[in-house]
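Here chain A shows up in two complexes: once beside chain B, once beside chain C.
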Partner chain A sequence: MPSDQLIFTVTATVLVVIGLGSMAYSRNLIKTVMAFQAIVFGANLALFSSGLGSYSSYMSQTFVLFSILVGASVEAVALAIIVVIHRKYGTLNPWEIRKLKH
Partner chain B sequence: MLDEVALLLSAALIVTVVVALFSKSVSVSLISLFYSSLLLGIIFATYGGILVGLVHVITFAGAVSVMLLTVVLMTGESKLMVGRRELVLILTLVSIPIVGVASYEALEGLPQAASQPTIPGISTLFQFIWEFRPWDLLILIMVFAASMVAVVNLLSSSRSSR
Partner chain C sequence: MIYAAWLIWAVPIISVPFIPLIGMVSQRGRNWFAVLASALTAFIGFYLAASFSSGMTESSIIWLPIFKVPVQVLVDGTSVLLAAFISFLSFLIVLYSVGYMKGEKGQSRYYSLILLFVGAMLGLVMAGNLIQLYFFWEIVGICSAFLIAFWYDKPEARRAGLKAFVVTRFGDIALFIAVLIVLANLKTTNYASIFSAIGSKPFGTNTVLLVGILLLIGAMGKSAQVPLHVWLPDAMEGPTPVSALIHAATMVNAGVYLVIRMFPLFSYSSTLLVLVTIVGLTSMIFGAACAVVSEDLKRILAYSTISQLGIMFASIGVGTTLGATATYHLISQGLFKALAFLAAGSVITATGSRNVEELGGLRKSMKYTYIGFLFAMLAMSGVPPLIGFWSKDWIVSTALTSNVVAAILIALSSVLTTIYSFRALFKVFYGKSKLPNEPKESSTVMIVPIMTLVVSVTVGWLVLDYQRLVPFNITIDPLTIGMSLAAIASGIGIVYVAFSSRTAQTQSLMGRNAPLIALRKYLLEGLGFDKFYGFLYSRIVLPLAKTSSYLESGWLGVNMGLMLASVLLIIFLVALKVI
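So, the complex of A and B:
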């Protein structure tokens, strides 16, 4: 049976890979923000699992706390930009926005 | 026993994130992302990070989910996509082990917490941050304030340009 740390590290890697793949595949800006959130989840889980069962547990939890708040701030700004883009261009498809720009 | 719980929670987390990112309906994605936020909070809380789990659930399952829902309703994206019925079924199947594990942990953890009063509490982590990472805390507060100013500025400038 693999240890908890290994399970969580593998899960975090899978989350980051899925998030990056979805971010590249997505044709909707809201889905892109959701993919970013999945990447943040993976990063938080990796940081948390790095301190499991060791004396540096508090340090890793501190970094997870900071990562959560920074991720939420970035996501709030991204959602505000999405609202502005929708008001200006009327669509959330990045390819259509690129066409409308020129 | 904790290894099985980790495996189950990790599998459920991956499934919910995959459903959230690859479903066609934005509404299903929102619900699934909410579930995955709750799951990650349960993982943190189960493995000793009670404060981290609490902050994670409050931030992502609370604030960010509401912000996403507001943006989806404002932009009308929920009407544009067609949902899939099987994804709702997957979500239902995923939610059953989540509730099971959560209730098991709640039932199992209560007597242990009563018999072990030396578990490090939330105040210990706060004390650690205050003593050893004060500059990081200051930078974090500045980043958070700057992001809020940026959000207000973006939304107010778009309103005045209409």
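So, the complex of A and C:
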């Protein structure tokens, strides 16, 4: 029976890898933001699991709370930027936007 | 009493945000609020010095209990004396700024940065552990960079600020690594705990040597010692009161203070002391030689600071007085260098020129400035009984008993000191005026600090003799007095012959003699350090940056793919137990 900490860590790693992969693959900026959130949650989970079972577990939990708050505000800003991008370029495909620049 | 030790650095830092707020209501009110805050700081400094009895007191507040990092003040003779000195000098400089910065834009930025600068330096001096010292060290560094680049619409000023920041960064990184090594080995950075642990198991000879070298590099960056000195001559692009503050009270003294404070660590290993001496002597000679040829009034003073700080390092390295000689010279250098800069600033405001070749004959039109500059130069060359005489001759006499080579080199460098001091004095204040119209003496608010410093330079040694914070038992060898008087006489003689009475002959000699021309050009370029660093930058840093920029394609998908590949590689390596 693997320990809770191991399960959490493996899940976190999987989340980060999936997030990075879908960020690389995505052709829509909204999906990119969703993938970014997956990475952030993976990181939060890893931070949370790192404190499990030690005397400083409340420390890691506090920082995870902070991180969730920061993540939410980052997402809000990212979505706002996406709205501006859509107004300006008329597309949300990052490859298309990159082509428009040149 | 212990509250004063907290207040002295808290007062200037707390008053920083009020400066722009008051500035919105009244410009004058803001300026005088800054003066008031620094006057209060100076008052607290004097109170601290008066109420200090003896010994060493620490007071700490627990901050971040989980990492066991306390905020700590250390009250002992050295820290109290330096805090009182720094707060007194900064008060005079802030007062002077009111006159100097009249009519400039961005004064709220100026005064808030100055107060933060002073507060951080006082915090650095009062800090009770290395982490706190490092924290304030960085604030001092960033404030100085911003203040040097104060006139950010001038490209040279921006460049100089950036240069100061980047060059001191090398030293800061070394200091940071040293702090981390100490923290990793001892789990604390409290000075007393460090000193008691020196030589025992986790902090053995090799670790002490490593930490000492890193601390020395940090101090060299901050105190502008060769080869990390290149930022200081360029830092003259800032306003003159800022130069005075950097050279006399705050920035460059931090490095010397670090070495004085960590003296028990340095004295543990004789290798370290020899290194400190070599660094000091090199900078001393280099700075003095460059100051002799420089044509910019403020650059002359900048190079002379490098040279004087070199003397302090050398006197610490000679190591017979536990750093007391360096403390004394730090205060003495601070007083006469502040005086020199304030007088130079007065000349610059009146004439608008910094080039000594373009100035001349200001003795009559700017009497008070002339007296200020004269006393500064006399003290710098070590004419008795001004404060520079006591500090320099004490250093030479202590060096004579333990390290004769260093003593002779310091005595010889005082010939160069006299030459560059009196060259600047003669060129600016004697001879015929080359200015189109007669310059006017500066305003009272600028003259009062200059005159106060003239008095301090003249009677400062009596005060330092009277105080019991750091008992300076000055003993000066008669031989030293003879040596230094001979040095001053020969220096003045050379200057008089070369730059005053026979200018034409000197110029024709310089015009014909090829080696002299080459030497002068070489010294004007600061011995080519700038060129060398530029070469390193264009040959190593730029190609590396260009190469690594290929990784940054600008395609989101490609970048993320590369990142994914590296994450997978790390996971793979971890799974294989390679790392």
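Please note the rule applied: the second predicted complex is superposed on the first by the 102 of 102 C-alpha atoms of A that agree within 3 Å, B and C clash if a C-alpha of one lies under 4 Å from a C-alpha of the other, contacts with A are read in each partner's own complex, and residues count from 1 in each chain.
We adopt the following convention: a contact is a pair of C-beta atoms (placed from the backbone, for glycine too) under 8 Å apart; a residue touches a chain by one contact, two chains touch by 3 or more.
This structure is a prediction, so every number in the text was calculated from the model and none was measured.
Undergrad: After the overlay on chain A, what do you see for chain B versus chain C, clash or fit?
TA: Chain B and chain C fit side by side in the superposed model.
Undergrad: In the superposed arrangement, which partner chain does A:62 touch: chain B (first), chain C (second), both, or neither?
TA: first
Undergrad: Counting only touches as set out at the top, which of chain B and chain C does A:30 meet: first, second, both, neither?
TA: Once the two structures are laid over each other on A, A:30 reaches chain B alone.
Undergrad: What is the contact status of A:11 with respect to chain B (first) and chain C (second): first, second, both, or neither?
TA: first
Undergrad: A:94 in the overlay: touching chain B, chain C, both, or neither? Say first, second, both or neither.
TA: After superposing on A, A:94 lies in contact with chain C but is clear of chain B.
Undergrad: More residues of chain A are touched by which partner: chain B or chain C?
TA: More residues of chain A are touched by B.
Undergrad: Which partner chains sit in contact with A:20 here, chain B, chain C, both or neither? Use first/second/both/neither.
TA: second
Undergrad: Shortest C-alpha to C-alpha distance from chain B to chain C once the two structures are superposed, in angstrom?
TA: The answer for the closest chain B-chain C C-alpha pair is 5 Å.
Undergrad: Taking the two structures together, which residues of chain A meet both chain B and chain C?
TA: Chain A residues touching both partners: 26.
Undergrad: Quick one: in the complex, what on chain A touches chain B?
TA: 1-4, 7-8, 10-11, 14-15, 18-19, 22, 26, 28, 30-31, 33-35, 37-38, 41, 44-45, 48, 52, 57-58, 61-62, 64-66, 68-70, 72-77, 79-84, 86-88, 92
Undergrad: Please name which positions on chain C make contact with chain A in the complex.
TA: Touch list, chain C to chain A: 66, 554-558, 560-561, 563-564, 567-568, 571.
Undergrad: Using the touch rule from the top, collect the residues of chain A that touch chain C in their complex.
TA: So the residues of chain A touching chain C come out as 13, 16-17, 20-21, 23-26, 32, 56, 59, 94-95, 98.
Undergrad: Would you tell me which residues of chain B are touching chain A in their complex?
TA: 2-3, 6-7, 10, 13-14, 17-18, 20-22, 26, 29, 33, 36-37, 40, 43-44, 47-49, 51-52, 55-56, 59-60, 63-64, 67-68, 71-72, 74-75, 77, 124-125, 128-129, 133, 136, 140, 143-144, 146-148, 150-151, 154-155, 157-158, 162
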